[in-house]
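Heads up, the next two complexes both have chain A, just with different partners, chain B and then chain C.
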Partner chain A sequence: MTGRRSWQVRLPQALLGAVLLIWTLMPVYTMAMLALSPQSQVFSGHLYPHTPTVQNFVDVVSQRGEYVGAFWLQMANSAVTAIGTTVLVLLVGTLAAFGIARLRPRWGSFVSNAALATYVIPLSFVSIPLYKVMATYGLLGTRWSLVLAMTAFASPYAMWVFSQHSETAISHELDESARIDGASSWQIYLRIYLPLMTPVLVAIGIYAFLLAWNEYLLAFLLLGSGSTTTMPVALSDFLNTDNPPWNSFMAASLFYALPPAILYYLFRNKITGGLTAGSVKE
Partner chain B sequence: MTATISAPVRRGRPFWRGVSMNAVPFVVPYVVMFLLLVVYPVGYGLYLGHAPGNYRSLFNNPTYLRSVVNTLLFVGIGVNVKMFLALLLSGFFAIQRWWSKALLAVFLLPWAIPAVPGFLSIHFMLNGQWGFINALLESLGVSHPPVWLISYGWGFSAAVVAYIWKWLPFWTLILLAARTSISSDVYEAAAVDGAVGVRRFIHITFPLLRNVYITSVLLSTIWTLGNYNAIFFVTGGGPIDSTQVFATLGIKYAFQVGDVNLGVAVALSALPVLVPLIVLLVRRLRSSS
Partner chain C sequence: MNDNESVFGGGAGDDRAPDGRMSRRSLLKLGGMALGGAALGPTLAACGSGGGGSSSNKVTVWWNSGFYDSENQAVKAIAEDFGKQSGMKVDLQFYSTDAIPTKEQSAITSGVLPDVVMAENGNTSTYAYQGKLADVSDVVSSQQFTDGATKAVHLFNSKAGKAGNYAVPVNQFTVPMFFWKDMLTDAGSDPSSIPDDWDGFWQYFQSAQGSYRSKTGKKAYAVGWPMSTSAGDTNYDTQMMLMAFGAMVLDDNGGLKADDPQIKANMAKALGFLGDLFKNGFTPKDVVNWDDSGNNTAFLNKTIILTPNGSLSIPGSIKDKDHAEWANIVTQPFPNKPDGSGPVPAMAQVHNAVVFEDSPNKKGGMDFLKFFVKPENTLKYLKAGHGRWHPVQEQVLSNPYFADSDDPNIKVSTAMLSGATQPAWLNASVAYNHAALQGLWGKAIGQIVLQNQSPESAADFAVQQLKAAFSTYPAK
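Let's turn to the complex of A and B:
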């Protein structure tokens, strides 16, 4: 009886598992297969690399080839803009969240509601005027344009998670006793608030880094295809030729996908912890 | 900062509450950024797209009207199918055995890798001549597989499927976290009352997940309205602009055609749907915190 029951449960589970594996891995497999294929096989409609080669990875790393000539510069641009966004989001976000949630000014809820509305606006709908405004500021083509735009749109979620976390993690009595001892707001921010916020700082830092690292549309509009361009824009340029070198494209893609994949897997619990603390954010 | 004990003491508050509680310097950096990079662009966008002529020409434009239908289909089908699958899969992954944990780690890959290479890989797979899918179908004996990206129906469906592929893991994870936070006491009490299997899901699990589920659907609807990458990289809006959605058509008008006002008008034409959704969502998020 029990054997029969477990068989009836396990077979559908195994089938579902197999379907999920194929569904998830097909595009990833295509990426890896092409990255391992020589150029002669790319357009042959093959299912696996007949003569696998790591030449594409070597070409990308040594920047040989028309489309990977600036590979390291583009990776560095991605890293610099992502790190810049991370630092600014953490700085601006903790300051604002501390000011609103701990010092409780009367206008605080007005600012946090306005911020929350920013959090849910789709970025692509604001991207055209944002491009115009960046041109007015004279920032088009500079890395600052992307860093500032990403910070402005990532900070609201950061502030929200920070505020929610501080309410449960830091008691107001702690602030008050520090105040009686003569601590200023800045001292409370630096000595009490920031140290106790460390877990969510990691989660939000990763969130901001990945948001900027992965962003295509704004990077394309604000940076263009010049020397400040980031990896997703450079990858999309591959498509502008008749016979794109898909194999070196996929090899470059895998290098580009590696840092976020590592971060997601290392900090998965922290990221989802932060997500559920503040409900949700892609 | 310079206020002293002589500062006015507010009624009903300890005296130190009136001392150096100035929040302004803390909030100023954010507010400045908000004004320069959110309020000004949004206001400027409203100004750019204010002329009624833009909307008249949009409503006489078959490509635009097609994109309205496409956007509604993309959001309606994409979000609901994705969220429903996420709800079911979160139950599957809640099993919490070694193999389901290992499977979950693999299942998260589409979320963990950036959108551009993921969607471009799917774009390559769908190529009629050398794509992986048709190579696979032909090796399985299908003699004339569809030429995916030069057909509206196949191309658009492929973009929706690619979108679900990319975002299903994220929402599964959110619903899984919500599921695992349900106390096991609740299930034990339910089991005593005879609620197991499907009945347990309908009467216990889903009512407890409903809030998270509805918030997730709303949030996902708004973000998907603005989805650019899934369409742009899988179909490129083609064939002949038949699979354009608001986000891709607006950018195309503004930067390829060079009519910025028309591009902004495409995005603004989503406001009647977008604004109520944003208000509803901000209220929900507020009340949950």
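Let's turn to the complex of A and C:
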């Protein structure tokens, strides 16, 4: 390719890239700009805050303000439910996938596919039945209700990914060698299966964490309005006024967006590797 | 290493089957552990907080969260007082205005009900129609409510085949106009000489828009008129506009009159007037996307000079924060009707609280509401809301805080509610309520401003929608 032709190809690509970059970053920039603006300048129409202030972040962290009085408790609730969901999804998913893919029960593939078929029904359709179930078990208003509901939704996908990965990436000869060496099924699960599944465990773990961290509908329906409220529900309360404090709303939202972003950047290589694991048979 | 030893320490007691697959015993162990794990959740939850349902010494109350924290604190204080007096535990939970109807719907559908719900945008008339609500006549008769408030909670129950008191009025509001004095001054207009006749009034603000733009260089609009399907404001404000043009869609008994040719023609005029505001550039284009905070935000940012608004939330939101700006806002009634036949009646929309027929502690819920609507408690609650809402009890309405208020906004709003009023059609008919909550007026206005259809066609559409709703809910 000549220098001129290369330039002719690359310039439109660069322009398209720049447009996409601006398009993608604009909402984040707007959030940051509003969070750094005093209330009087929130809708000033400026491209950047003329008198930037970190007061909104200070107010959020120190829980000063009408909507951030329980900020840390709400963050902790989100963290507890997201971590609880992650742990349960990994436990349920790996055990089920191990059972199906390695122990090969007669109806294993049917169970795996049937579990995946649950995604045919949208979450919103089963929210009311779930509400009823949680009430029956006396779980309404507790964090367990959200953890168990989110585990139920994340587990089928986790099972499917784990099964696919273990079928394609972990040789059955390893199991047989271990058994010859006297390993029980539990020992194979703990000492061979789980270590070899690490990239997928990280990917699915983050998937389950984000699913629970960002959940609004079930968090709103199943949890009460007091000490168990999670951040997505708490953030929606900012809009319960004709004059929302957009600057502290955006400051709180930025704090809320940080944990998933940090998680993503810490494990980004494993996420992409893990989510495509098992997609191609070798 | 002999045959019975291994690197994993397995041996004679190993639980695997000879063919290497999981043995029955191991499978049972695994199943047992899974069942144990499943049982663990409820067990741990029993030690946790929360839980649904009520007992005879507990009242579960879901309350619409206020705009101001002080409002919620006042409700909490009243609930605590009730708890001390009755010996009952009050489980008081606040939910936002947009969220509480969904929560209420979930509770009704699942049958796991609280004892009391106060939802500003709740579907009370629909639930009453379906026979889901308890008759609260005992509570309603405990106070002298205004005539409009009493009518607003007298709802039809299709199961019982008659109307009854299926809700308790809690507060009410009307729709005044708000404008900025300084924006008019900047435009070179005199804010004290606004005409009160229909044409003069609108001409005044439309001229102010041009003058303001040319003198300040800032782009502001004469009016911010909500026209979206999602904003509750669209329903209130459109009712005011329809009443101004004499398009009385419902009769005094909540029956449909919209099919009357004269009413339909007036409806077309009212919708056409709104369409012209939009098409002639006197209201921002994004009014078709505004939510309930849209006009408040635009007004407080001075991108509009005038806006109608249900409640006094606009001045109330800055009263304590910026007194100078608060004093710069003027509240006033609508101008006189376009046909010159006098003032437009004030729409009175009532917010109510309900107890469900199947509430676990129906009596406790009614006792709570009876306590809440006592004048001293209502006054405490309404004052904490900066007078945003108005009382529904005659005694509280005549209290100096409202009747002789030193707040000019409260004074104007109280005067409007003390004069000629018209019940909000949302309260007056379950069928109208159903149609309006489906975005009836936002869709009808949208046909004119977005689809370029005629006002007559939009009026036809609205009448068809109303007739369909009235065929679904044939009685009041």
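One rule holds in what follows: the second predicted complex is superposed on the first by the 265 of 282 C-alpha atoms of A that agree within 3 Å, B and C clash if a C-alpha of one lies under 4 Å from a C-alpha of the other, contacts with A are read in each partner's own complex, and residues count from 1 in each chain.
Rule of thumb we're sticking to: a residue touches a chain if its C-beta (ideal position, glycine included) is under 8 Å from a C-beta of that chain, and two chains touch if they have at least 3 such contacts.
Source: prediction; values computed, not measured.
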Combined model on chain A: chain C and chain B, fit or clash: clash
First, second, both or neither for A:Asn240, with chain B first and chain C second: second
First (chain B), second (chain C), both or neither touched by A:Leu221: both
First (chain B), second (chain C), both or neither touched by A:Glu176: both
Partner chain(s) touched by A:Ala152 [first = chain B, second = chain C, both, neither]: first
Which superposed partner A:Gly138 touches (first chain B, second chain C, both, neither): second
Touching partner for A:Pro232 - first (chain B), second (chain C), both, neither: first
First, second, both or neither for A:Arg191, with chain B first and chain C second: second
First (chain B), second (chain C), both or neither touched by A:Ala114: first
If touched residues of chain A are counted for chain B and for chain C, the larger one: B
First, second, both or neither for A:Asn56, with chain B first and chain C second: neither
Superposition clash, chain C versus chain B, among 25-33, 61-69 or 205-213: 25-33
Intersection of chain A interface sets (partners chain B, chain C): 42-43, 91, 95, 99, 103-104, 127-129, 132, 137, 148, 176, 179, 184-186, 221, 236, 239
Residues of chain C defined as touching chain A within the complex: 5-11, 14-16, 20-22, 26, 30, 34, 37, 41-42, 44-46, 48-53, 65, 67-69, 93-99, 102-103, 106, 109-112, 291-293, 296-297, 300-301, 303, 309, 311, 313-314, 317-318
Contacting residues of chain A [partner chain C, same complex]: 42-43, 66, 91, 95, 99, 103-104, 127-129, 131-132, 134-135, 137-145, 147-148, 175-176, 178-179, 181-187, 191, 220-221, 223-228, 233, 236-237, 239-244
List of chain A residues in touch with chain B within their complex: 13, 16-17, 20-21, 23-31, 33-34, 42-47, 91-93, 95-96, 98-100, 103-105, 108, 111, 113-118, 120-130, 132-133, 137, 148-149, 151-153, 155, 159-160, 163-164, 176, 179-180, 184-186, 189, 213-214, 216-217, 221, 232, 235-236, 238-239, 246, 249-250, 253-254, 256-257, 260-261, 264-265, 268, 272, 275-276, 279-280, 282
Sites on chain B touched by chain A in the complex: 1, 14, 16, 19-27, 29-31, 33-34, 36-38, 40-42, 44-45, 48, 89, 92, 95, 99-100, 103, 105-118, 120-122, 124-125, 129-132, 134-136, 138-139, 165, 167, 169-170, 173-174, 177-178, 181, 212, 215-216, 219, 222-223, 225-229, 233, 236, 246-247, 250-251, 254-255, 260, 263-264, 267, 270, 274, 278, 281-282, 285-286, 288-289
